[in-house]
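Order of writing sets the chain letters: A, B, C and D. Residues in each chain are counted from 1.
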Amino acid sequence: MSHKPEELLAVTLARLIRARPTRHIAVGAASPIPAAACWLVSKQGAPRGEHVRLSLLHKRSGNPFTEGTRELFDLTGQGRIDLFFLGGGQIDGQANLNLIGTGEWPGRDVRFPGSFGSAFMYFMAGRTILFREEHSPRVLVDRVAHISAPGVSEPGVFRRGHAQALVTGRCVFGFDPARGRFTLETLHPGETLENIRAETGFDFDVAPSLGETPAPTAEELALLRGPVCDEMLETYPEFCSRVFERKAAA
Amino acid sequence: MSHKPEELLAVTLARLIRARPTRHIAVGAASPIPAAACWLVSKQGAPRGEHVRLSLLHKRSGNPFTEGTRELFDLTGQGRIDLFFLGGGQIDGQANLNLIGTGEWPGRDVRFPGSFGSAFMYFMAGRTILFREEHSPRVLVDRVAHISAPGVSEPGVFRRGHAQALVTGRCVFGFDPARGRFTLETLHPGETLENIRAETGFDFDVAPSLGETPAPTAEELALLRGPVCDEMLETYPEFCSRVFERKAAA
Amino acid sequence: MTTLEEMAASVPDGALVALPPDNSLPSVALAKALIRRGSKGLRLLGVPVSGFATDLLIGAGCVAEVQTSAVSLGEAGFAPRFSAAVKAGTLKVVDATCPAIHTMLQASEKGVPFMPLRGLIGSDILANRPDWVVMDSPFGDGERIVALPALSPDVAAFHAVMADSLGNVWVGRRRECATLAHASKRVLVTVERVVEGNFLEDERLAPGTISGTYIEAVAVAERGAHPVALLDEYGFDADHVAAYARAARTEAGFNEWMAEHVFAQRAAA
Amino acid sequence: MTTLEEMAASVPDGALVALPPDNSLPSVALAKALIRRGSKGLRLLGVPVSGFATDLLIGAGCVAEVQTSAVSLGEAGFAPRFSAAVKAGTLKVVDATCPAIHTMLQASEKGVPFMPLRGLIGSDILANRPDWVVMDSPFGDGERIVALPALSPDVAAFHAVMADSLGNVWVGRRRECATLAHASKRVLVTVERVVEGNFLEDERLAPGTISGTYIEAVAVAERGAHPVALLDEYGFDADHVAAYARAARTEAGFNEWMAEHVFAQRAAA
């Protein structure tokens, strides 16, 4: 069954979510692909029988929080958020994130919007999946110009979680916080190890089992295009129209 | 015009309130006399043209707080409460308060209910009026058995306010935090300096101007028995019936 | 949904159980169910003070320790079974002051190991709290201030007006219950009723709602705060509390009151 | 009650002005009035990030400094006048992270000089904040943690749904506005409408109400959050913001947009 690249990414993220126990996911990024992945996990039913709770921060109605924007951070501080998604204008080989900008502080060359809650969430969520569609030496750099949120922390600094993986438009990297290094796990269709090396500014390890990122199954695609799309139409009409070819009722 | 002892106390407290700039008073104690004093100040109109805000913590409807019981303490921490009332199972000559009890900690002889917020409010309110109707060596002691809240603080400890005065059923003492001592200011009708010394367990100074606590004026009594009583009927029906001889509508 | 008696059975002996006081949605119904199940060794936390439900639990012998800023029946006076237990030395009392309890819960709510609080220095409350420490301001301005450790109750229990289909509960302006829920490991809520829908979708109800995220179980207990008031649902039953205060002056009187008002309820149920 | 233009006139040049972002009741109406009055040297605080109103004020030359965790137009992309000002070096940017801004305001709300926050260590945000200090846990457990100083804005401004006869304002679930109000020296609120009564007497409205205790002035500004959404009153006007984002790519386009959407409003009023 043919599928769009966004569908492959959503299914790939969903499999990473299901790989570990996950009770509560917060999705704060503007990107609809992590949201689709979370809804897919929710619609697939719990991998271990547990209910997966989603807090979608961009949902227009029924905002899950009643203490204002503070509550997401408090909730995460309490250890109740098992998984968060982060991206970055730059990501380096130690999983450091730069959401500030390039050039002299605070981003005199290119200024990104800013760090949002990353300097807290990356430490306090149970784990983080890094997601950035653009996979180029511009984004995946040897060393970020400025660290919004560090990939690893020294002893004495409380840290609950780290990056689980980095998913890009080209491949999936796993991350080992003890070694502070990424390992290339799977290649999306059409990619080669050589191409990944050329497009990646940081050094990484290669999994002995390196293979192709598994394509979505027919069941996964049916869920994405049906009930997942139903849930996303209100918040992401443009995405649903482009990827799933469905429009919200007028 | 004849008056009840409670009316003298309410008027005396009201005059102490009006003696200093006061924008916001919180009344937390169960005693209705400070509440009557606050309502009297409010009904008299502002001494300097400012509006006096009352937060009556025991008001049954229209509780002023929407952050729960935390808000009173936060409000006081912010410096927005100019005046609070405190009492004590014991009060000593340094204005230390004991709301814990007597005998071995935590009050093996007589246990009082506990400190409530006194260990914070006494430091953080703009000033405190101490009020205790019983004036006896049992209550006014040389040294409290346990300090719930200290009357004075050492350098390096943030303290916004202290006791302004101690009003009892027998007299009015002023308090000087720099010296940590009370000064007898006025005697209620029928009291003598000798009697106050006999009934007070702590040593105190005597104001050169020592005189009688001024009786309520006709205007003050009219306000107390009319509009002040109107405001208090819902919360303090027994008090209004006993002191003002008015009953709430059935 | 669970039943009140199942909810009580889920609270292990010895647990640190947080209860709001009489002006802030205590679940008197759950306190009575804990007594009926024969709870032992509970460590109660008053948020930030303690009232009627705490006196019942102490009198019934369920409580080893109470951490609180005061125990009182309000207009009805001292809490008689608390006073008797202190005098007898059968109850460990850990005194606090109201904002300190709020602060320790807020530290858990924010996921920080401690929070500072002004006041307290020079009070014997501090002198009797080895778990509270005086620190110098990290900004080098010479201020000494108390650092209070985060406190996370094993179980928080309160009585809300209503729950919805998703397990959200509505507590109105009693937002200390929200902080308590955020700070606690398990949250058990009794309610007057369960209604269809999702409070979080309603802008008028959402501000007084605690998300089901924090709630482990909800049980219906009609008039579950009685004799305490429940917002605008029902008022404070002063006669009932005064009658209790009179009866509970003696252990025999307390036991008689319990037979009628706590144990007879199960027989009737 | 005051007017919008009087309210704007009361904000002194150079003030530290806290503004909530586009999902949290910004007073776009007051931002426009500040531009019309020719405010200068404002120091803006994003609570905890900044959006449309901040980009307008920066573009109009009212802003010397912005302390925030991000400046963004959301779906409409980067904030164009913010980006231009950073590139030109005409704007001081003090970067923060969202929970740090909440925490600094909560410290003011509680009247403590600082509060700790986890995270942050190893981030260049911390390295660029000499006012934030790393401290050792006072409990001797070896944890290193950041202490954030209390932050008290000179002025907080937001747009509420309604005010009542006593100056209480209703913000529903956007309780960050309540913390902001508690933490700030002056609070200026625009509203859609003023209604009779006292929200604090109504158990359904009280939980979303900020007491008039904290509010200095209220002015009516109908659709005062537009183009941003206001709870269930009106939605986000994505077309309007996208059109702004396109126009404001250049200074000339921005000025043209301002003439039509900011300065023409006074002429019409």
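Quick note on the criterion: contacts are C-beta pairs under 8 Å (C-beta built on N, C-alpha and C of every residue); 3 or more make two chains touch, one makes a residue touch a chain.
What you see is a predicted model, and the numbers here were worked out from it, not measured in a lab.
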Report task. Determine the set of chains touching subunit A that also touch subunit D. Result -> C
Report summary line: Higher number of C-beta pairs in contact (B-C or A-C) found for B-C
**Report entry** Centroid spacing, where centroids are CA-atom means, of subunit B and subunit C in whole angstrom
**Finding:** 29
Report summary line: Between the Cα centroids of subunit A and subunit B the separation in whole angstrom comes to 59
Report summary line: When centres are defined as mean Cα positions, the distance from subunit B to subunit D in whole Å is 40
Query raised in the report: By residue number and range, which residues of subunit D touch two or more other chains?
Result: 99, 106, 110-113, 117-118, 143, 145, 173, 175, 178, 206-208, 232
Query raised in the report: Which positions in subunit B touch two or more other chains at once?
Result: 61, 63, 65-67, 73-74, 77, 124, 158
Query raised in the report: Along subunit C, where are the residues that touch subunit B in the complex?
Result: 23-24, 48-49, 68-72, 74-75, 78-79, 82-83, 86-87, 89, 93, 95-100, 102, 106, 117-126, 128, 142-145, 173-179, 229, 232, 235-236
**Report entry** subunit B residues within the subunit D interface of the complex
**Finding:** 24, 53, 55, 61-67, 73-80, 124, 158
Requested in this report: Mind listing the subunit C positions that touch subunit A in their complex?
Outcome: 108-113, 178, 182-183, 198, 200-201, 206-211, 213
Report summary line: subunit C partner, complex, touching residues on subunit B are 30, 60-61, 63, 65-70, 73-74, 77, 99-101, 105-108, 111-124, 146-150, 153-154, 156-158
Query raised in the report: For the complex, which residues does subunit C have touching subunit D?
Result: 99, 103, 106, 110-118, 133, 135, 137-139, 141, 143, 145, 147, 149, 172-173, 175, 203-208, 231-232
